[in-house]
Amino acid sequence: MDMPVIKIYMWEGRTKEAKKKIVSGITDVFVKEGVNPEAVTVIIEDVKKENWGCAGKLADE
Amino acid sequence: MDMPVIKIYMWEGRTKEAKKKIVSGITDVFVKEGVNPEAVTVIIEDVKKENWGCAGKLADE
Amino acid sequence: MDMPVIKIYMWEGRTKEAKKKIVSGITDVFVKEGVNPEAVTVIIEDVKKENWGCAGKLADE
Amino acid sequence: MDMPVIKIYMWEGRTKEAKKKIVSGITDVFVKEGVNPEAVTVIIEDVKKENWGCAGKLADE
Amino acid sequence: MDMPVIKIYMWEGRTKEAKKKIVSGITDVFVKEGVNPEAVTVIIEDVKKENWGCAGKLADE
Amino acid sequence: MDMPVIKIYMWEGRTKEAKKKIVSGITDVFVKEGVNPEAVTVIIEDVKKENWGCAGKLADE
């Protein structure tokens, strides 16, 4: 059975409600592709802006 | 601007059409949370069943 | 020299003792495959249940 | 139920037999910590030496 | 447009100044390879020594 | 001893020469921060454009 693992890197600060919607939304995307929802693992990494770089700068610079 | 990165590990073998739906579906999940679609990066890793272990066995055993 | 890197994603809450056993156990697995223990890197990510989704729900729902 | 995900980055070239031992060995490490073997996911990434850098050089330099 | 994502796993404890230099230094490496700095994403994971294993032991043993 | 691991996700297609420069450049960034070059591990993942999504589309759409 196909068991996709989805790792999310996003800025810290989202509410638990938002995380619920993200997890359930992403699971639905795979269910539409025929995957059993029980087999979908989503792992969220809340990243401090100090630990996120874009265009050569930290996101909180 | 929040720029979530989503890494997907899934068995190899999905069609390009399926990957299009997965990328667009996941992007929509974040757009609903207020993220700019341009800022959503999705990276797919097609994993051979020989490289996927569950319950102590390779997925193609 | 082969230098495998092993990243572990697991629920937060394990004791340091448990982590010692996990790191030493995993290193032994690779030593049995001929790898020098000094060359085995194990990185643990303690994941909050709020950040772990399975079957479309957060693990602490 | 705790569902650890273990991602392995190692040089390409190991036999399927070796991968079987690695997956089963790592699963046993978590079973000893009370995890259900069915809940242990191991994902192997075979990395070309050309894509592995150590001490500032590619592993096949 | 090429949009490399660079994930860094390093021991926790570095100052914000050090992280600024790491992010800007890594971005420059890709700019020299013709990548637009705006397209380079760097994500840092500060890892506790308790969560880092080398030679079969935790880094803070 | 601090042993940073740097994982790079980038589009496939770069030459080996470019990868040498990327690995050596990134290692230098950490050497300037006091890290022993021998302790810096860089792992490159060449990602097919078909496996890279941005703005809801595959990079090769």
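Per-chain numbering from 1; labels A, B, C, D, E and F assigned in written order.
What we mean here is this: a contact is a pair of C-beta atoms (placed from the backbone, for glycine too) under 8 Å apart; a residue touches a chain by one contact, two chains touch by 3 or more.
Note that the structure is predicted; figures quoted are calculated from it, not measured.
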item	value
Intersection of contact partners for chain B and chain D	A, F
Chain B-chain F separation of Cα centroids, rounded to whole Å	20
Separation of mean Cα positions, chain F and chain E [Å, integer]	10
Sequence positions of chain F contacting 2 or more other chains	3, 5, 7, 9, 22, 26, 28, 41, 43, 45, 52, 54
Touch-based graph of the chains, sorted into line, ring, star, complete or other	other
Contact pairs between chains, per stated definition	A-B, A-C, A-D, A-E, B-D, B-E, B-F, C-D, C-E, C-F, D-F, E-F
Of chain F, residues touching chain E in the complex	2-11, 14, 18, 21-22, 25-26, 28-30, 32-33, 52, 54
Touching residues (chain side chain A, partner chain C) in the complex	7, 16, 19-20, 22-24, 26-28, 31, 37-38, 40-46
Residues of chain D defined as touching chain F within the complex	9, 45, 47, 50-58, 61
Parts of chain E lying in touch with chain B, wherever the complex brings them together	3, 5, 41, 43
